[in-house]
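Next come two complexes built around chain A: one with chain B, the other with chain C.
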Partner chain A sequence: MANSTTLDKKQTTLLEKLCQAMALSGDEGEVRSIILEEIRSYVTDFKVDTLGNLLAFKKGTSKKPLKVMLAAHMDEIGFMIAADDGDGLFRFETSGGIDLRQLPGKAVIVGKEHIPGVIGARPIHLTTSSDRRDKISLEKLRIDIGPGSNKIKPGDRAAFATRFQRAGTSMIGKALDDRLGVAVLIEILQQAPANIDLQVAFTVQEETGLRGAKVAAYFFNPDLAFVVDSTPANDLPVWDDEDNTSYNCHLGAGPAIYIADGATLSDPRLIRLLVETCKKEGIPYQFRQPGGGGTDAGAIHKQRAGIPSVSISIPGRYAHTAAGMARISDFNNTISLLKATLQSIPLDILTQERK
Partner chain B sequence: MNALIQKLTETFSPSGYEHDIRQVIRSEIESLADEIKVDALGNLIAIKGKSGKNGKRIMLAGHMDEIGLIATHIDPNGFIRFSGIGGLYPHTLYSGRVRFVNGITGVIGGERIKDIQKTLSVSELFIDVGATSINNCPIKTGDVAAFERPFFNMGKRLIAKAMDDRIGCAVMIEALRTLKNSPHEIYFVFTTQEEVGLRGATTSAYGIDPDIGISLDVTGTGDTPKARRMDVGLGKGPAIKIKDGRMLSDVRVVEWMIHTAEKAKIPFQREVLEGGTTDATAIQLTRSGVPAGCISIPCRYIHSPSEMVDIDDVNNATKLLVALLSNPISL
Partner chain C sequence: MNDILPFLKELITAPGLSGNETPVSEIIQKEWQPLVDELSISRLGSLHGLRRGTLNSPRPAIMLATHMDAIGLMITGTQNGFLRFTDVGGVDPRVLPGQQVWIHASGPKATPHSPLPGWVVQPSAALLPEELDNKAIPMEYFFIDTGLAPEKVKQLIQVGDIASFAQVPLELNGETIAGHSLDNRAAVAALTICLQGLQSSQHGWDIWAVATVQEEEGLIGAYTSAFQIRPSLAIVIDTTWAKGPGTDDWNTFPLTKGPTLMWGPNIHPKLHMSFKELADKIEIPYAVEITGRHSGTDAFATQVVAEGIPTMAIGIPIRYMHTPVEMVALKDIQRTGRLLAGFIASLTEDYINSIALDS
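Then we have the complex of A and B:
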């Protein structure tokens, strides 16, 4: 289990399906259907709420089980068609945090039918050196699907067209943030620990402000919560060979446990539980560097009268670009960590002093 | 009061790590409240009284946490890179001392200064705890620290780190001690995680579901050389908040406070703060809305290691709070 760098056929197929699906914030149906198919026969009950969260429930068998919420977000960053310029050219807006420098020259898929398109870039033959130096503004960019289709309308969504691939002990794909987390939670639901009431939220609209998690936590009203996300690994060597002190986390060093980010100070009791579990099970782990950013935990822990929460992330290079990279071992170790933690979670964890 | 303020301000408890200050406050109020509890986010809640016919359920909020630092990386030579917890000003940091929650003391050093006119940013600073390598550094990523600076009594004026908002906590403790008769059910909430976004007040207010909410916190002043224009000064009485960066106080609450202060002949000031906010903002927006206001203690040099208050303002804030809680309220 720990350190495993292999994916079986079933996992590979699932990740491929999840990562190649398109689920922009506010329109997560495609990913939701894939998940539903995977979990339907394993859960006690489920519902899709008003915002589109898929809320799955698996009852525990012990007498007074803790209600434990798990959350991973279904949505991804991408684009929304804003206007039809004719001749297959479309103006668009970005959805979620996107660096415009990433866009020119990228292949995209557009609309429910995944119509292929490209975000055009002026070829180098025809640019001046100042063109190449300056940032290209969003107003100058277009999604080009070529003429002849009348299926795309303003309001339709688009995503990067990257196919999911295995590369040795790594995975390359779009939307690893947070389909990796989604895949982890599917696996947990399929082998749910019996000692707790498991409340699993596959959330919507995380990339636009943790919106789905907010209402999901209100509905579940859990005793505590774990969020599984993917956090950027900025662990490449620094160009001038100086010590890289802001790497956020490292690829291959195990699940990244959160202590503090811009939206949450993790519950110290839950951090300790995760660390102790890692040590006991021989699972490698790292702390995500305290700093900015946020996960669904930012919304969950402030819900109702307060919900002790912590996040675990699978490190991912090149987050919020067309192609991210993650290590299979980090993915597998996150599953192992979560599974072992849930099985061994003490009933009295919340009556312990919060320190 | 001074001994209490010293004890509170010399405790190290940055946001999220309020354990030690919670213990200190708990031991102060243990015998004074009808019931004491700690909620899921670590808020310390002391309940006093049962609301009768003319009574209301009142939530008071003073935050226990203070701004701090958190280790983000230990380099091979044992130097600690860090980021802030809450609003940390880089110009207050260099050469200052910090104390980690695990008891280790360090000094903040910086990279080579290239331009003396410019303040080093947080990413150019580090903490030196006397370690010589990563292996003998007693601090690991994620450990938290706060300013190390002793309390000092200048007579009428007091300076200490974390006056924001241990002084609000002191006022609440003193009010709990002196309050004799009240028709109200009062929740003295010593909140957590205020400095990172009013988080403790958000959840405790939901749990309590109060009729009225009042925060006790510090506010800035306009009475120092070339200060930002502001009609609040040290020693002129507690400030009744009318507006801050994120809240418009409930006008009925403001009137009730002003009327009470005038009747009891307690000096007060009218506060309009342009930036910043308090736990009252979170309380006001809880559930279907709560009438909320704030009693501010004027404070100079906020979010520095030496925050200054005037003891008369502190005592008058306590008097005002006790007067507010002692009589029936009709908003």
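Then we have the complex of A and C:
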């Protein structure tokens, strides 16, 4: 399994469905129902909470099992229709962190029915070279679905129209952040280890401030938590050919284990457990460069009286754009790592030295 | 006439960048074959379709020119498996990040005619010069990422390979279509509608339907084809700027309200008047497009070929020109096709004399 660069048909179909679905923060229903269909027959129990988190529970067989929470967020960045300008043109707002420079010239889908539209730009002929030095501001951009329709309205969500694809050993799609994590947790649930009580949260509103994870962790009240996300791989050449010292993580180098990010200092015992498991199983791994950013762990680890947490990310290039990219091997290795870790997690992990 | 959509979609799915028009030329050949008497290819690759007229030889001839080349990108180098590129035709770099392209790979291990997908990417801020924070990123800082390992990239792709836009055609509301290369494949579609319309009618003049090459890089095909054919009249059909977000000046024209009839030094004034009168007569809505100098079309070439050719230019309004999501109204394409067919039907044997500038 380690280093596998292939996706089987079932995985491919699932990732395609997950990545092409639209689930902006606060409107995660489309992804939630895909997950539910996948996990329903494998779980002991599940519920959808008041924010829309899908909380699935799989009971272990041992007498006093550890309660282990896993979390991956369902929501993605995108757009919200803000005003109807008439003639099929709509003003819009961004939802989640998006670099506006990624918007012009893209195809989008709008609303529950995925109505196609485009975000255009002024013809180059009608711009000056000094115009082209500035980015195009949001006020100047419109979503255009063509004239003469009232099929969409302010409040509707929109997202890039990218289709999920594979190229060589890579996968390309929108919302790989964090549908890859969602797919990992689906697979874990379908082959749940019996030694622990598994509490899996498919969370909402990560992109708007880790809001779903906060209430999910409160509800589950776990002993410890693993968060599976996708972190940016900025592993491209630097413009002046200097060494790239802020790569964050590398594509193809294995799951990225978090030591510290902008929101969480990972529990050292859990970091150690992950690293030892990688070594034992021959799974490649890397440490995400400590720095800013955050995952659902930021909300989980300080819930209730504190929940020891760690994040594992599948490295992804070009997060929050129309076309993200990840390596199949990193995805598969993340599944392998999580599986092996959960199977071998010692009952006394939380009484071990932190060191 | 309503069935132009599948052909148009095929046209805007094909590559065919300036200087490399063969893929789109082949699609047009297939469509035009049954509509013309003779089909030939010029020395530079322009496609010439001839429908013979019924007048005695030597007959006057009209050339209907639409350029078939498209804008796109070209690989200039590789760096650690990432590709650097430049543009062919004029591309605003601000529409590029996140865009999928097809790389027409010709490296030592490439499979001919099986393009590789690639994605134009903008490196994160930490990898770019600080002064570009929050500014538009110039093209030289972008890469194309193929998702392939660096050694694979080396075997498959080489400098000079072309990358065409991969945006699939989108059918939008109000019978509008969005996609790449509608400039100028929309006009190719209009010309095809005209040829279809001529099937059921007689015409005295010879008709040369021409799909020109290299318009975006200097109107090269228009100069050379007009010289070879030496028509009595040249009608150029290209796209023009439609009104849209941030594009509302006097030089922009509403989508769905018909083609533009260009007017200015690049246009023969009496020929323009003929089109105007005809459009009024057969009730085709239009706008007059004022072009102060260069019409921005192949007409700028045809007018000054040999001893000069009376030239007219017609514009089909499209939004977001030179982006991968150009947008056109099918209605405007159909009207343009009808207008051309109507003009051909109206041509008399001595029409040329009637538009002499001293008459």
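Keep in mind that, in the parts below, the second predicted complex is superposed on the first by the 355 of 355 C-alpha atoms of A that agree within 3 Å, B and C clash if a C-alpha of one lies under 4 Å from a C-alpha of the other, contacts with A are read in each partner's own complex, and residues count from 1 in each chain.
In the analysis below, contacts are C-beta pairs under 8 Å (C-beta built on N, C-alpha and C of every residue); 3 or more make two chains touch, one makes a residue touch a chain.
Every value quoted in this text rests on a predicted model; they were computed, and no experiment measured them.
Peer 1: Which partner chains sit in contact with A:86 here, chain B, chain C, both or neither? Use first/second/both/neither.
Peer 2: Touch status of A:86: no partner.
Peer 1: So in the superposed three-chain picture, is A:122 touching just chain B, just chain C, both, or none of them (first/second/both/neither)?
Peer 2: Second partner only.
Peer 1: What's your read, chain B or chain C touching more residues of chain A?
Peer 2: When the residues of chain A touched by each partner are counted, C comes out ahead.
Peer 1: A:325 in the overlay: touching chain B, chain C, both, or neither? Say first, second, both or neither.
Peer 2: second
Peer 1: With both complexes superposed on chain A, which partner does A:147 reach: first (chain B), second (chain C), both or neither?
Peer 2: second
Peer 1: Which of the two partners, first being chain B and second being chain C, lies in contact with A:355: first, second, both, or neither?
Peer 2: A:355: touches chain B, not chain C.
Peer 1: State whether A:246 touches chain B only (first), chain C only (second), both chains, or neither.
Peer 2: Once the two structures are laid over each other on A, A:246 reaches both partners.
Peer 1: So in the superposed three-chain picture, is A:260 touching just chain B, just chain C, both, or none of them (first/second/both/neither)?
Peer 2: After superposing on A, A:260 lies in contact with chain B but is clear of chain C.
Peer 1: Do chain B and chain C land on any of the same chain A residues, and which?
Peer 2: 246
Peer 1: Show which residues of chain A lie in contact with chain C when the two form their complex.
Peer 2: Counting only chain A, the residues touching chain C are 88-89, 99, 101-102, 104-107, 116-127, 132-136, 140-142, 144-149, 151, 160-162, 165, 167-172, 232, 234, 236-240, 244, 246, 317-318, 321-323, 325.
Peer 1: In their shared complex, at which residues does chain A touch chain B?
Peer 2: That would be residues 243, 245-247, 259-260, 263, 265-266, 268, 271, 287, 289-291, 301-308, 350, 353-355 of chain A.
Peer 1: Mind pulling up the chain C residues that touch chain A in the complex?
Peer 2: Result: residues 79-80, 82, 90-100, 116-117, 119, 121-124, 126-129, 134-137, 141, 143, 145-149, 152, 167-168, 170-176, 178, 241, 244-247, 249, 251-252, 255-256, 296, 319-325, 327, 329 of chain C touch chain A.
Peer 1: Touching residues of chain B toward chain A in the complex: what are they?
Peer 2: 15-19, 38-43, 70-73, 75-76, 81, 83, 85, 123, 140-142, 193, 196-197, 199-200, 202-204, 206-207
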